[in-house]
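Paired with chain B in one complex and with chain C in the other, chain A is shared by the two complexes that follow.
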Partner chain A sequence: MPHDDHDHPHSLLPSDPALRVKALETILVAKGLVDPAAMAVILETYETKVGPHLGARVVARAWADPRFRALLLKNANAAMAELGVTGRQGEHVVAVENTPGTHNMVVCTLCSCYPWPLLGIPPAWYKSDAYRARAVREPRKVLAEFGVTLPEGQKVRVWDSTAEVRYLVVPMRPEGTEGMDEAALATLVTRDSMIGTGLPLAP
Partner chain B sequence: MTRVHDMGGRFGDGPVVPEPQGMVPFAKPWHREALALTLAAGALGQWSIDRSRHVRECLSPEDYTRFSYYEIWLAALAGLLVEKGLVSREELAAGKAEPGAPHPRIFRPAAVGPSLARGTPYTRISNVAPAFAPGDRVRTRLPARNTLVAGGHTRLPAYAAGHVGTVILSHGAHVFPDANAHGLGESPEPLYTVAFDAGDLWGEAERAGDEVTLDLWQSYLEPA
Partner chain C sequence: MTPERPFAEPWQAELFALTVALSEAGQFSWPDWAAAFGATLKRHGAARELDGGADYYAAWLETLEGLLDRAGSAPAAEAHEMRHRWEAAYLSTPHGKPVRLGE
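Presenting the complex of A and B:
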């Protein structure tokens, strides 16, 4: 059933959010519902292991290796698995490639869907009302707020992540990177370039 | 028909404020705990991702708007715990609880790594045959609504309701959120990515030819 009792349990908790989370944690730990040691491992995972450096490795491999690029665009999860990139909120990934004709940009207007195994925990702006509301209607104005202006003739395709499919933007390989190896290429691949609100760094 | 979370295309939210890249993912210490607590409690397996989304969406518009993102998560977590009988209102009000034996499915540290790396696939075998293929023109339901439960969860945003687009990807059958969020089973059905012309959606595109795509279940669609 919908949940419209207007007597939401959260109103029973302290109003300061830091105290609210502490109260919930105290209750859940006391009742044997949450193990604080598991919380520590979750945070260690997303603060030290899983982040945009993994997506950057995938993009750099795609830039350097045509076979990998073809696989990534056809079956992204199979390509990611070759680099050991798997997991929660990335079970069904589609990689979309920027071209001179099309710039891709990803949003989740209904909540905050984001490819965690490739990019980690989403930044606050990605979850903001402003981004969720505006990315679909005025993507070029939003891009301008990121300092990005697209060339004439490049259309924008905005992907609204309304299901459990997660999107990775594969930016265009910057000019002047011939001869760079994968590790060096990966340093040019920013988080925002894989969401489509940024472009890769110049070498 | 629609709820406060369904904000795609809304005017008036002001600029997007990008953060420096490479920043730590949590702006405040309690954000870390809110995320870890939500994931650890979710691992008890007492609710689906669809249910948790719906409970977030069912916050009053006033609360949803004034809450920061992780406050929305915390409010929904409190709601889910009470809904499932895992925590009582009295315990929430007291901010403490009598010690209890560990839940049989309590998330232990050794399980975290494998569980996060495995994820939860949402594809299913379905007896619903695909009705569409890439290239087909389809029209979305109008108005956007859950046809099983009045006011229920749906993943068809209001801004895309009643529009004609083109199927560009076919994803096989996925769990159907409109049913699964309400305990009506996973009811898997074919899922597609549909591309819409921005000019059709908004009356006027920023630039002719721009597009918006959405992932839409078969029952949201009819042939056009």
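Presenting the complex of A and C:
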């Protein structure tokens, strides 16, 4: 229906959930239980600052620097801190490295736990029932739907995230990237390759 | 890499920020949040397959309303009334004017 000022002289009514969120916010701010300024900072952080480009920097550094790679696999948070990648929902990260023998893939069967400081807010498919249920049951089929076909000898290991432990997949460095610097390497690291539902781009 | 928009609608972003801010202010721990949210998703998912989009945030909102109701910080009746006050404010504010909550 076209919006017509004669038929709708008042402001456009927000959706039911939008009104319910507004209601909660009004009540909680009035009671001093939540600070609107804190909310604004959180909004800005996750809408504009945090995203997979941060995880890509970590992976690219691991590809380029053996010392960093060793630290990342042993103590991911210490390695992330060296690059200034820290924050909520990333307090305990475990980095799992893909090898010719094992491909790693991450899911949260409970809800949608995800390493926010490295990857930002999860995509809708990560939060869907279909992915959450099937990633554990039939990972190869799910991977095929993402366009990933693994060699027969490579086994798939699925990691189930929790509210305490989040996982970062460190994909294998693509062939033909010798001599590329970290910044160039980072452009090859896709979000999905760090969840394990994709592979890095070819150079 | 072109960043994807993390939230499909502004209210989803506000809901997210509200929940995180409440948890950081000590209203509930994140593991407690995850457990409650997981239970809602399970209940919704038993009725139909969730696609991880709007239905995901609908479950999120229901979970937060439930937690705040039980904690007494935003009782369901109070939240319901406030929702209708906002609706009335929108309906009584001329188009283009800032919407303010009436007394």
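Everything below uses one rule, namely that the second predicted complex is superposed on the first by the 186 of 203 C-alpha atoms of A that agree within 3 Å, B and C clash if a C-alpha of one lies under 4 Å from a C-alpha of the other, contacts with A are read in each partner's own complex, and residues count from 1 in each chain.
To be clear about the criterion, contacts are C-beta pairs under 8 Å (C-beta built on N, C-alpha and C of every residue); 3 or more make two chains touch, one makes a residue touch a chain.
The structure displayed is predicted, hence computed values, not measured ones.
S.K.: Based on the superposition on chain A, does the combination of chain B and chain C result in a clash or a fit?
M.R.: Once both complexes are aligned on chain A, chain B and chain C clash.
S.K.: Per the contact definition in the header, classify A:T197: touching chain B only (first), chain C only (second), both, or neither.
M.R.: A:T197 sits against chain B, while chain C stays out of touch.
S.K.: What is the contact status of A:V94 with respect to chain B (first) and chain C (second): first, second, both, or neither?
M.R.: Touch status of A:V94: first partner only.
S.K.: After lining up the shared chain so the two structures overlap, which partner does A:E25 touch, if you call chain B first and chain C second: first, second, both or neither?
M.R.: After superposition on chain A, A:E25 lies in contact with both partners, chain B and chain C.
S.K.: Considering only the touch criterion stated at the top, classify A:E145 as touching first (chain B), second (chain C), both, or neither.
M.R.: Only chain B; A:E145 stays clear of chain C.
S.K.: May I ask you to decide whether A:A56 touches chain B, chain C, both, or neither, giving the answer as first, second, both or neither?
M.R.: A:A56 contacts chain C only, not chain B.
S.K.: Mind working out whether A:T187 is in touch with chain B, chain C, both or neither, as first, second, both or neither?
M.R.: second
S.K.: Should A:V158 be classified as contacting the first partner (chain B), the second (chain C), both, or neither?
M.R.: After superposition on chain A, A:V158 lies in contact with chain B alone.
S.K.: Please name the chain, chain B or chain C, that touches the greater number of residues in chain A.
M.R.: B
S.K.: What part of chain A is shared between its chain B contacts and its chain C contacts?
M.R.: On chain A, the overlap between the chain B and chain C contacts is residues 8-10, 12-14, 17-18, 20-28, 31, 33-35, 38-40, 42-43, 46-47, 51-52, 88-89, 110-112, 120-121, 123-125, 127-131, 162-164, 190-191.
S.K.: Hey, which residues of chain A end up touching chain B in the complex?
M.R.: 1-4, 6, 8-10, 12-14, 17-18, 20-28, 30-35, 37-43, 45-47, 50-52, 86-92, 94, 107, 109-112, 117, 120-125, 127-134, 136-142, 145-146, 155-165, 190-192, 197-198
S.K.: Could you pull out which chain B residues touch chain A in their complex?
M.R.: That would be residues 5-19, 21-30, 32-37, 39-41, 43-44, 49, 53-56, 58-60, 63, 65, 68-71, 74-79, 81-83, 86-87, 89, 91-93, 95-103, 106-109, 111-113, 115-123, 149-152, 155-157, 159-160, 169, 171, 174-175, 177, 182, 191, 193, 195, 198, 201-202, 206-207, 209-217 of chain B.
S.K.: What residues of chain C sit close enough to touch chain A in their complex?
M.R.: 1, 3-11, 13-18, 20-22, 24-25, 27, 30-31, 33-35, 37-38, 41, 45, 49-53, 56-58, 61, 64-65, 68, 73-74, 78-80, 82-83, 85-87, 90-97, 99, 101
S.K.: Report the residues of chain A in contact with chain C in the complex, numbered from low to high.
M.R.: 5, 8-15, 17-28, 31, 33-35, 38-40, 42-43, 46-47, 51-53, 56, 88-89, 110-113, 120-121, 123-131, 162-164, 187, 190-191
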